[in-house]
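The two complexes that follow have subunit A in common; it is paired with subunit B in the first and with subunit C in the second.
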Partner chain A sequence: MTSIRLEKVSKVYPNGFEAVHELDLEIVDGEFMVVVGPSGCGKTTVLRMIAGLEEISSGIIQFGDRVMNQVPPKNRDVAMVFQSYALYPQMTVAENIGFALRMKKVPKEEIDKRVRDAASVLGLTEWLSRKPGQLSGGQRQRVAMGRAIVRNPSVFLMDEPLSNLDAKLRVQLRAEIARVQQRIGVATLYVTHDQTEAMTLGHRVAVLRDGALQQCDAPQVLYDRPKNIFVAGFIGSPAMNLLEGVLSAELDRVTLGSQMISLSPSVLVSHPGLKKYAGRTLVVGIRPEDLPAADHQRGASELKGDVHLVEALGAEILVHFRLDASIVTSEDSTRRKENGESLVGSGAIEAECIARIEPRHIVRSGDRFTFAVTEDRLEFFDHESGLTIWD
Partner chain B sequence: MSTDTVTNYEQRPVVIPPGAVSQRRFRISRLATPYALLLPAGFLYALFIVYPIIRQFDISFYTWHIFPGVPNPYVGWSNYARIFHDPAIRTAAWNTLLFLVITVPIQMFLGLTAAALLTDRLPGRGLWRALIFLPVVTSWVVVSYVFAYIFAQQGGLANAVLSFFAGHAVHIDWLAQTWTGNAVIWIVSIWKGVGWSFIMFLAALDGVPRDLVESGRVDGASEPRIWRHVVIPNIRPTITFVLVLLVIGASQVFTQVYITTGGGPFGSTGVLLTYAYQQAFSFFDFSYAAAIASLMAVLVLGLSILQIRLMRRSDG
Partner chain C sequence: MSIITLKDSKNLTKERMAREQRRARSSAQPGLFGIRSWKKSRLIMACVFGAVSVFPLLYMLSLSFQPTGDILTSSPVLVPAHPTLQNYVQAWSENSFSRFFVNSLVVAIGTVVITVLFSSLAAFAFARYRFPFKETIFYVFLAALAVPSVELIIPQYLLALKLHMTDSLLGLVLIYSSENLPFSIFLLRGFFEAVPKDLEESFRLDGAGSLRVLSRLIAPLSAPALAVVAMFTFNFAWEEFVVALTLINSPTHRTLPIGLNFFISEHTTQWGPLFAGSVIATIPSIVVYFISQRWFQRGVSLGGIR
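Up next is the complex of A and B:
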């Protein structure tokens, strides 16, 4: 039973590219940690450094009390599921699953028993004598999992294990992965770019961007209290609408383009930091589900938008509409920062927004539709730093 | 038929626009094109490969004379029967076998070792790769003459170097003694041939998925075990290919023997092809030479099929 600790871990490649920047992360024993981020954010590098497949440039990686920096992969007692599954093509399923045990010189009877146990857990018993080439994608994925769990490893690493599967199988195997992780109960690091996987699987989720940790929290905390504009925009699908707004000097309303949202005193109570922004420009974040169709109650804030696309999903309708406010993008922040520009980029004057409304409403493309604003659910971000305004 | 009215695309008939060639003619021309393109190469192949092989088999059943007008009596299998009662051919066959058993594994081992070393981040690996492959693209004749010079008794480089270290003149007649002569033939063949297996293995090793090797490392395998359980099984098709082609090549060894030792002294370094050549062009016994060459062709073919079958079976 081991915990994993990364202390100021950096990875700089010989060409000078810094893939990971001073990462601090701790995965406690039994915890399921998901590392999520866009392509090239360094998440796979983190995983490979923990496995020992990539040397670290600086910092410390510890398993329990043991510093692992110089320990070769074969001595780390790490099980890893690769994105490609990396099954040995010439070996049968049973040989694939038992390979690590053979390398450890475990007695043959013991290997057979453990392979059979793992196979029965994963529903692979009838495929044990097949070769990987004769299996479907889902079965191969299970073999890769079997290979990992049969070892009783102290650390379990998974590198986008579901990305090669179709959507339906992904949902099915997601549940299976959660079950297996619970069963083996060791510190697990799971890398994905799929935020649904991150939100559903992780006890905690670490959001990485350009090699730097943005936030590491329980999934719901990430969703409800994102630390910055990047996390706010990255977690949640459809993404949070991020708009440039001006807070009134009286702190009782925010102007978004030509429209205004009034703020109740409770918003100031939950976001006391807003007081510093009186009369200043900030970024307002509104989740699509916090923009329901207006029921025209007196005093409620509303936003009117020009609908240009309607996606009826059955249980809900996604309404794409335009507002005459400036949209804010959190992309390319590193470059902007390096160039001395504002971390938050303002985009077009006409903002593209998405609202998630109930299916009973009739909306058509071309309509001017009115949405209610759930003001207690608004998020506010500093226009320069992109950090969330709370206290 | 307007596309608006078509709903079932699977049942939509193929419509040939007016003025187009008929479907039958279209099919014929589509099939004919590749054959037409293959024709020149096929013609040359038939003329210079297929015809000589058939003619060689044909000649082996006659007492054949090169001079026109001289009768060539049919002798049946007697040329083949001669092979099994010819003491001189035993030395040639033994030397061919020895050449094969010694040069093929060494070339494969050195080629694979060099490829394994040069796939990693070795400084100047491009230069090394070029140097190892260079002998492959040079002519057998040139290389054989260079080695004949190196191991010449008078003024040869090998003797000069030995003289330098020995402190007195050394006059070993390398090419005129059975074992040293054979050794020179093996050395020149390995030196010139290793680059080819090196390139083959280099390409094969580049094709081994990195994930598999890393998975082996994470699974606790040491480097030798990764080679045994992961790398070698993955490059097995290339190993088979290289082995089969090297065996075929070794069975047909000729130029380096002919130029360096000429098969001497007294046929003691001769191989099957130099022997057959000698029969044909020194003794003008073309039929016997054709029988030897035909038997070799059958043996090499059989050996290659056997090798491929065995390797395939072990792949399971």
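Up next is the complex of A and C:
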């Protein structure tokens, strides 16, 4: 039983590319930690550094009290599920699962027993004598899991284990992974670019971007209180609408293009930091579900938009509409900051937004539709730093 | 709407079927044995090449069963008129042929073991490790391929003299191995590099060290290449003549190719025993080929998952 601690861990490749920048992360014993981020953000590198497959350039990696920086992979007691599964094609399923135990010189009867146990947990019993080449994608994935759990490792690492499967199988195996992890109860690091996997599986989720940790919190906290524009835009599907706005000097309304949202005093109570932004430009974030169809109550804030696409999903309707406000995209905010540009003001005065409304409403593309704004659920971000404005 | 789509798809299918039938008709003109023309030409080519390579073997086999008198007639026949085993008896008992056979077997197997072992280790290093001057060293190995082996006989002889390995089977084994290593390393490196890195990393995480990665993962997955190396090396060592003739003096250390040469003397050649000896000498090569072939197939069947 081990916890994993990363202290100011960096990885610089020989060509000078910094894949991971001073990462601090702690995964306590039994915790399911998901590292999520867009491709190329360094998440797989983090995993490989913990496994010992990649040397670290600076910093400390500890398992429990033991510094692992120089420990070779085979002595780390780490089990890893690879994206490609990395099943040994020359061995049967049983031999694949039992291989690590054979390396540890576990007695044969014990290996047989543990392999059978793992196989029954994963529903692989009838495939034990097959070779990996004769299995389906889902079965191969299970074998890879079996190979990892049979060892009772002290650390469990998974590198996008579901990305090669079809959507249905992915959902099914996602639940299975959660169950297996709970059962073996060791510190687990799971890397994915799929935020649904991150939200559903992780006890905590670490959002990584360009090798730097953006935020590490419970999934709901990430969703409700993102620390910056990037996390706000990355977590949630469809993504949060991020628009440039100007806060009035009286702090009672925000102007988005030609429209205005009035802010109730309760917003100021929950976001006291807004007071510093009186009369200034900031970024307003609105989740699609916080833009229901307007019921025209007196005093309620509303936004009107030109609908150009309607996606009826049955339980809800996703309405894509345009606003005459500047849009802020979270993807390139850092890059623009590095180039000395302001986060906003890309020149696009037509913002593409998405609202999630109830299916009883009738919306057609081409309509001008009115959405209610749930003021209490608005997020505000500094438009220079991209940080969330709370206190 | 849906009906139209159905109809459309039916029309489409009909059209496609008609097109395919037309194509089938044009290409399936029944020719020789009802085989399509392009297949036929391939078959003829294969038969010609097959005949060219198999005929000498068959003729050798046929002559080995004919009494010397029949061999030297002016009208040679493929089917022996008076088949006899006398040539085989004579070949095996004269000139300690059996001893030469065993010597050759020892040398060939020794060469195969050393070549396969060392070329695997070297190829593994070239394929998987980073070290200074890696590519330069690799090209030095390859450059050795460009030197005709006959040119190396004098240096090799002097080297063997210094190492007190003239007139020794071990000396032959070492020289044969050194000549086979460059190509074997070249061949194996390519195969070893094709084994996915993930597999090796997973192996290491499961507790395997470098040697085990090579012996339990990379070698089994490269079985076809190892079989090729083993087969080539065996045949090389089995039939090598010039180095063996130069290095070996004492009759007890002679190898088979030199032994066969004894059937040819200054004035007469014992054709019957010579061909019988040649047939015996061919058998191990064929056995090795069939053993290797099993490994080719095994390797191919593993290929799917890579």
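Heads up, the rule we're going with is that the second predicted complex is superposed on the first by the 384 of 391 C-alpha atoms of A that agree within 3 Å, B and C clash if a C-alpha of one lies under 4 Å from a C-alpha of the other, contacts with A are read in each partner's own complex, and residues count from 1 in each chain.
Definition applied: a residue touches a chain if its C-beta (ideal position, glycine included) is under 8 Å from a C-beta of that chain, and two chains touch if they have at least 3 such contacts.
Nothing here was measured: the structure is a model prediction, and the numbers come from that model.
J.: Putting subunit B and subunit C onto subunit A via the overlay, clash or fit?
T.: clash
J.: Touch check for A:P89: first (subunit B), second (subunit C), both, or neither?
T.: A:P89 contacts both subunit B and subunit C.
J.: With the two complexes superposed on chain A, say which partner A:G314 touches: subunit B (first), subunit C (second), both, or neither.
T.: neither
J.: In the superposed arrangement, which partner chain does A:A100 touch: subunit B (first), subunit C (second), both, or neither?
T.: Both partners, subunit B and subunit C.
J.: Check the residue A:P132 against both partner chains and state whether it touches subunit B (first), subunit C (second), both, or neither.
T.: The second partner, subunit C, only.
J.: Once the structures are superposed on A, label A:M80 by its partner contacts, choosing first (subunit B), second (subunit C), both or neither.
T.: Both partners.
J.: Please work out whether A:P265 is in contact with subunit B alone, subunit C alone, both, or neither, and reply first, second, both or neither.
T.: Neither partner.
J.: Could you tell me which stretches of subunit A are touched by subunit B in one complex and by subunit C in the other?
T.: Common to the two interfaces on subunit A: residues 51-53, 72-74, 76, 78-80, 82-84, 86, 88-90, 99-100, 103-104, 147, 151.
J.: Could you pull out which subunit A residues touch subunit C in their complex?
T.: By the definition above, subunit A touches subunit C via 51-53, 72-74, 76, 78-80, 82-84, 86-90, 99-100, 103-104, 131-133, 147, 151.
J.: Touching residues of subunit C toward subunit A in the complex: what are they?
T.: Its residues touching subunit A are 196, 198-199, 201-209, 212, 217, 220-221, 301-302, 304-306.
J.: What residues of subunit B sit close enough to touch subunit A in their complex?
T.: On the subunit B side, the touching residues are 209, 211-212, 214-222, 225, 229-230, 233-234, 236, 315-316.
J.: With touch defined as at the start, can you tell me which subunit A residues reach subunit B in the complex?
T.: Residue positions touching the partner: 51-53, 72-76, 78-80, 82-84, 86, 88-91, 99-100, 103-104, 147, 151.
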